[in-house]
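In the part that follows, the structures are each spelled out as structure tokens.
Consider the two complexes below, in which chain A is the common component and chain B and chain C are the respective partners.
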Partner chain A sequence: MSSSVDTQARGFLTSLSDTLWRKPGLLVFLLILPPALWLGIIYLGSLFALLAQSFFSIDEFTGIIQYELTFKTYAELFRPSNFDIIIRTVVMSAAVTIAAAIIGFPVAYYAARYARGKWKALFYLGVMMPLWSSYLVKVYSWKLILAKEGILNWLFETLHLGWLLNAYLSIPIIGGNSLSVSATGTFLVFLYVWLPFMILPVQAALERVPQSMLEASGDLGAHPAQTFRHVLLPLALPGVIAGSIFTFSLTLGDYIIPQIVGSSRRFIGQAVYAYQGTAGNIPLAAAFAVVPILLMAVYLWIAKRQGAFDAL
Partner chain B sequence: MTSAIGFSGVSRHYGDVKAVDNLNLDIAEGEFFAMLGPSGSGKTTSLRLIAGFERPTAGEIRIFGQVAQGIPPYKRNVNTVFQDYALFPHLNVRDNVAYGLMIAGTPKRQRQKSADEALGMVALGGYGDRKPSELSGGQRQRVALARALVNKPKALLLDEPLGALDLKLREQMQEELKTLQRSLGITFIFVTHDQGEALSMADRVAVFNNGQIVQIGAPEDIYYRPKTPFVADFVGSSNVLPPEFMNGLVGKSSYGAVRPEAVRLAEQGQSALVRSVSFLGAATRVTMDIGNVPMTMLMPKGAAVPKAGETVTVDWAAEDLHVMAPA
Partner chain C sequence: MGVGLSHSLCRLGKIAGCIHRGKLSMNTVLKSGTAMVLALTLAGQTSAQTMLTELGEGEGQVNIVAWPGYLERGETDKSFDWITDFEEKTGCKVAIKNANTSDEMVALMNEGGFDLVTASGDASLRMVAGKRVQPINIDLIPSWSTVDERLKEAPWHFVDGTHYGVPYMWGPNVLMYSTEVFDEAPTSWDVVFKPMDLPDGQPNEGRVQAYDGPIHIADAANYLMHNQPDLGITSPYELNEDQYAAALDLLRGQRKLVGRYWHDAFIQIDDFKNEGMAASGTWPFQVNLLKGGGAPVASTIPVEGATGWADSTMMHSEAENPNCSYMWMEHSLASNLQSDLSVWFGANPAVPTACTDGRGMQTAEGCTTNGMDDFERVKFWTTPVSTCESQGTCVPYYRWVSDYIGVIGGR
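Up next, the complex of A and B:
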């Protein structure tokens, strides 16, 4: 005679959860199925459709897309006018990322190690609040701040430092007629808009470093600068890398900020926008869109080689 | 005997909280010194004051004759074994141990050799290439020990280093620490809340309570001749006898203490009501009441054990009754 510890038979939901409890694999499968479909078909599918486009080319006379596999479109990326766009974008992304790390680290450090209670709440509010308002509104308000009639210019004039600003603006490449139409202006707005994406991961990484670890370093003879170099920075590095992935890739792909604030020189995002729109050159737009993906892959590979994720 | 660490009138107050209050202390060179007390009694703060992680709000600390005021932790000739070990997770075990030497500028090959020797000393030779996360708690504890000792400190500070280990490992490490201290001959200052640990390892024990040292002395002194009811109760759970009871017993109005193992069943003596009986393995613990005074008796294996609710007569040898100084 078989005996059972299960004393009662119950309804459908109970037997369903009993089944799932007995087969944990089935539960995981059911949970993962919808996001996997979304990720596989809609998300990655569109990406591969884009990738595929980049291997086609456009007929220069008729403007019709020729559906034959070719690297012709990629070769076009290396034409000086196009390659300049790539270089410009990469330099801008790198500059924004480095500046965001330099500015963001002390802020994150303060928040992680010193801010408590009310001050911590204030920190989160201060960092997150800019993310709540529209991105366009922020960019336009920066245009007003940086314009020739703007508050920054006024401040320099009031302090009798107008000559300094003018001298700076006369420098080629980074200067311009006013800050709002210079590469410096574009840089400042990028830095402002993406800074929270650097601060938050760095703060999270620093928060996980126990106080005793810093004390141990000091105890073993390291002065604060050495503790920073040998303990704090390596342990915070995964956070800095995470933050830099955001700032770097967001700058690489953005096309609105340089359009509103900056010189007429184009960035990758603007090139993609122009080629897929008015120019109707989808293959070249797709080829441009592949550039940031490749750059990020190379960047992460180097970061891993350098041991940036060892502390994870 | 030269002084390793000296505290004179040292206080560490946090606002109204007196973590350490007017502490006077002299630790001799080469001594195994234990700071014993319940949590929040100021023992860890005292250790942190020596290491330099905390600054005294009053008083003076001397480390090997030198006034420590204003000297940061990284310039002090002492090393600490932290309660949570604080091993660097991004470095392997060898680089963890070699950290202090690396900071001191020792060439790479030499410091790695020293680190491997130090690891051998704590029986972890061959573990140098592992990450701390791949080690067990006891192994991490040894790495932390090696990391501190490789710098040849004049004093080693240990902050509850055995607290996270299981009983068996803890007893083994107690032995090893003691042996290590003897062979190295350096001053060990050991913070613990475990009275057995303090008594078995230390040359001298300071019992802390409420930011002050209530008694300082050799383990036997602390154990057999507690100065206050707190020490009697905290160190080895003596039976504390109140002054009224002692008055009737010896005609002197002060606290007394009797160790549980000194209490025995007798023909004549105090009549006691047994409340509970617990079997401990090597002995049996009987808790009872003599009037309104609670009393614990430890009975050796094989003795006839009374039952709860019974009334028994207990007594102890006159020399086992310790009379404290009048409060």
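Up next, the complex of A and C:
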């Protein structure tokens, strides 16, 4: 009896194995199914549920959400106060991305080309270490650094350069009462927090640029600036683009930094939080949430057109 | 300390406005899981509005939804404990569920499984209307007589002649000022609303703060109510279009004076220490902590009065542990809770004698600091709705939110 059960069991497993071998497509399907379900239902499904909300609207009079398809909520995005938020966020994201690329590139270049042995380890440690501590702790400590009675202000005063800082802070839009309540402060903190996300991909890209190409460029009489412009930068561009996707999208979505450091003027993330969390205006919150998605789509499309992904 | 942080974050959501959300979710196409549960429970429950008439044995358990920091068992700070005693005395184990916003509180109560909730003015009426809470038999609460007369029949828990809650704590939003800048307490809120030179000769621009929540529009309305009587404002939470526009104009002027709006209690404390702030509307909580840290600040309620908040303990309509619940409500009034919590939180006890009878750490002086004597001058937070009592139609809360975002953005 027991031997026949064994045979049966073995027979099933054998036929299963045979089927899978004969139809490799089925095996692939079964293997892909769980992650596809995860991505499709949990990941994208929830996203689409949110986006669908953006096609509803809120009744102006009663504040009740109306479940009829409309573009009215999207039109609200173009009201001056809401459009300001979008512009402010995009300008900040672009500024942070460009600054991160400018600062990150030389750091990554040094690490990829010159750092060896323990210096390389030190580099990784230096870049990664800020990521190990809590994001909130970092932002709060920056608030203290930038405060009116903080260390940076003290440094300027000690160097008798207080007038310089004050002159800078009196500039409208980017200035304020102190660095920690100015847009410049928000920018600096964003830059600090997201910089590792720029440095690491750029460094990975630079390591793959063959030394021989740079030497060949020099041998053919190119000035170092020309070598950089025509050889190094194009070859490292995928890394810069990858890094910029991180810094740009992370800045677009963040709502904690502008709440702690800056002039209280809203960014997209904060607007979503306020509309969804306290106002019950989920359609407008959803419409705001669509903005970064569209912006990133356009950004990726332009990057692709520029050939940034050709080398990948 | 973390308590205050999370609570300050919650205050922002506390005045949350989506009053209709629960009701509406039923006819939406995209029901969230919670909404579905909610709809089902609402449909499956006919009113269970029976009031307990007699107290029996404790069930051994009571489940409470509370604001962070409201229920302490000595784990955050050893000297603040008002639960251990209760558990030993009654045998009812207290299970705490913290909620950060009024919406969360209402949602948790809708899901069920809880006995009590410490609800604020806006949440409480929503739950009464949704029949989520049951009438309270005040005869079963011996210490009811000690409750502040002014709170016994407050409109946020006393509806149509029925008690739905036991007062818990309340507090005003005071005007905090730096004693280095002001020799004596400012008499009007205009130091944070109008451009002027402060007593130390410097302008107030960049040295004042305002609350980073749409409910701050009510503070502006409260200021106008006193200083521009021709607008005819009777409640800062019930504004018609003209009154609302005037309040927004005042706030637009304020934007030019405010460097950063305060959002988190601890950030504001930091700003008063490190940014040279001179004055701001705030909670007694920050005043106490700053004073405790030796900072030169004091607080006052200016001539216009102030806005404020008041919470009450309410009981679920299907509470599984009604006896322990009543025991807790009695405990909340009779024990050291009222006194120690008012110290811990910088709030005012619902039982006035808790200030003076030495049952806890609170003193008469402490209560005065927290605003105990200013009850009449406090307009308690309620959610602005479009159909309002005083003048028919008012500007609803969701517009407060979008317009306040515009004001802060400089529009």
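The rule is short, and it goes like this: the second predicted complex is superposed on the first by the 281 of 312 C-alpha atoms of A that agree within 3 Å, B and C clash if a C-alpha of one lies under 4 Å from a C-alpha of the other, contacts with A are read in each partner's own complex, and residues count from 1 in each chain.
Throughout what follows, contacts are C-beta pairs under 8 Å (C-beta built on N, C-alpha and C of every residue); 3 or more make two chains touch, one makes a residue touch a chain.
This is a predicted model, so every value here is computed, not measured.
In the three-chain model built by superposing on chain A, chain B fits alongside chain C with no clash. Our angle of interest has its tip at the CA centre of chain A and reaches the CA centres of chain B and chain C; in the overlay it is 160°, to the nearest 10.
Contacts of A:S134 after superposition on the shared chain: neither chain B nor chain C is touched. Using the contact criterion defined above for the overlaid structures, shared-chain residue A:G176 touches chain C, although it does not reach chain B. Judged by the touch definition given at the top, the superposed model places A:P234 against chain B, while chain C stays out of reach.
Note on chain A: of its two partners chain C and chain B, the one contacting more of its residues is C. Residue contacts after overlaying the shared chain place A:L220 against chain B, while chain C stays out of touching range.
Of the two partner chains, neither chain B nor chain C is touched by A:T158. When both complexes are overlaid on chain A, the residue A:P210 reaches chain B alone and has no touch with chain C.
Minimum Cα separation between chain B and chain C in the superposed model: 45 Å.
Residues 12-13, 15-21, 24, 27-30, 32, 101, 103, 206-207, 212-214, 258-261, 263-264, 267, 270-271, 273-276, 385-386, 396-403, 405-406, 408-411 of chain C are the ones touching chain A in the complex.
Chain contact summary for the complex, chain A toward chain B: residues 210, 212-213, 215-223, 226, 230-231, 234-235, 310-311.
Interface residues of chain A, counted against chain C in their complex, comprise 49, 52-53, 58, 61-65, 67, 80-82, 84-85, 88, 143-144, 147-150, 176-178, 180-181, 259-260, 262-266, 271, 274-275, 277-281, 284.
Interface residues of chain B, counted against chain A in their complex, comprise 51-53, 72-75, 78-80, 82-84, 86-90, 99-100, 102-104, 147-148, 151.
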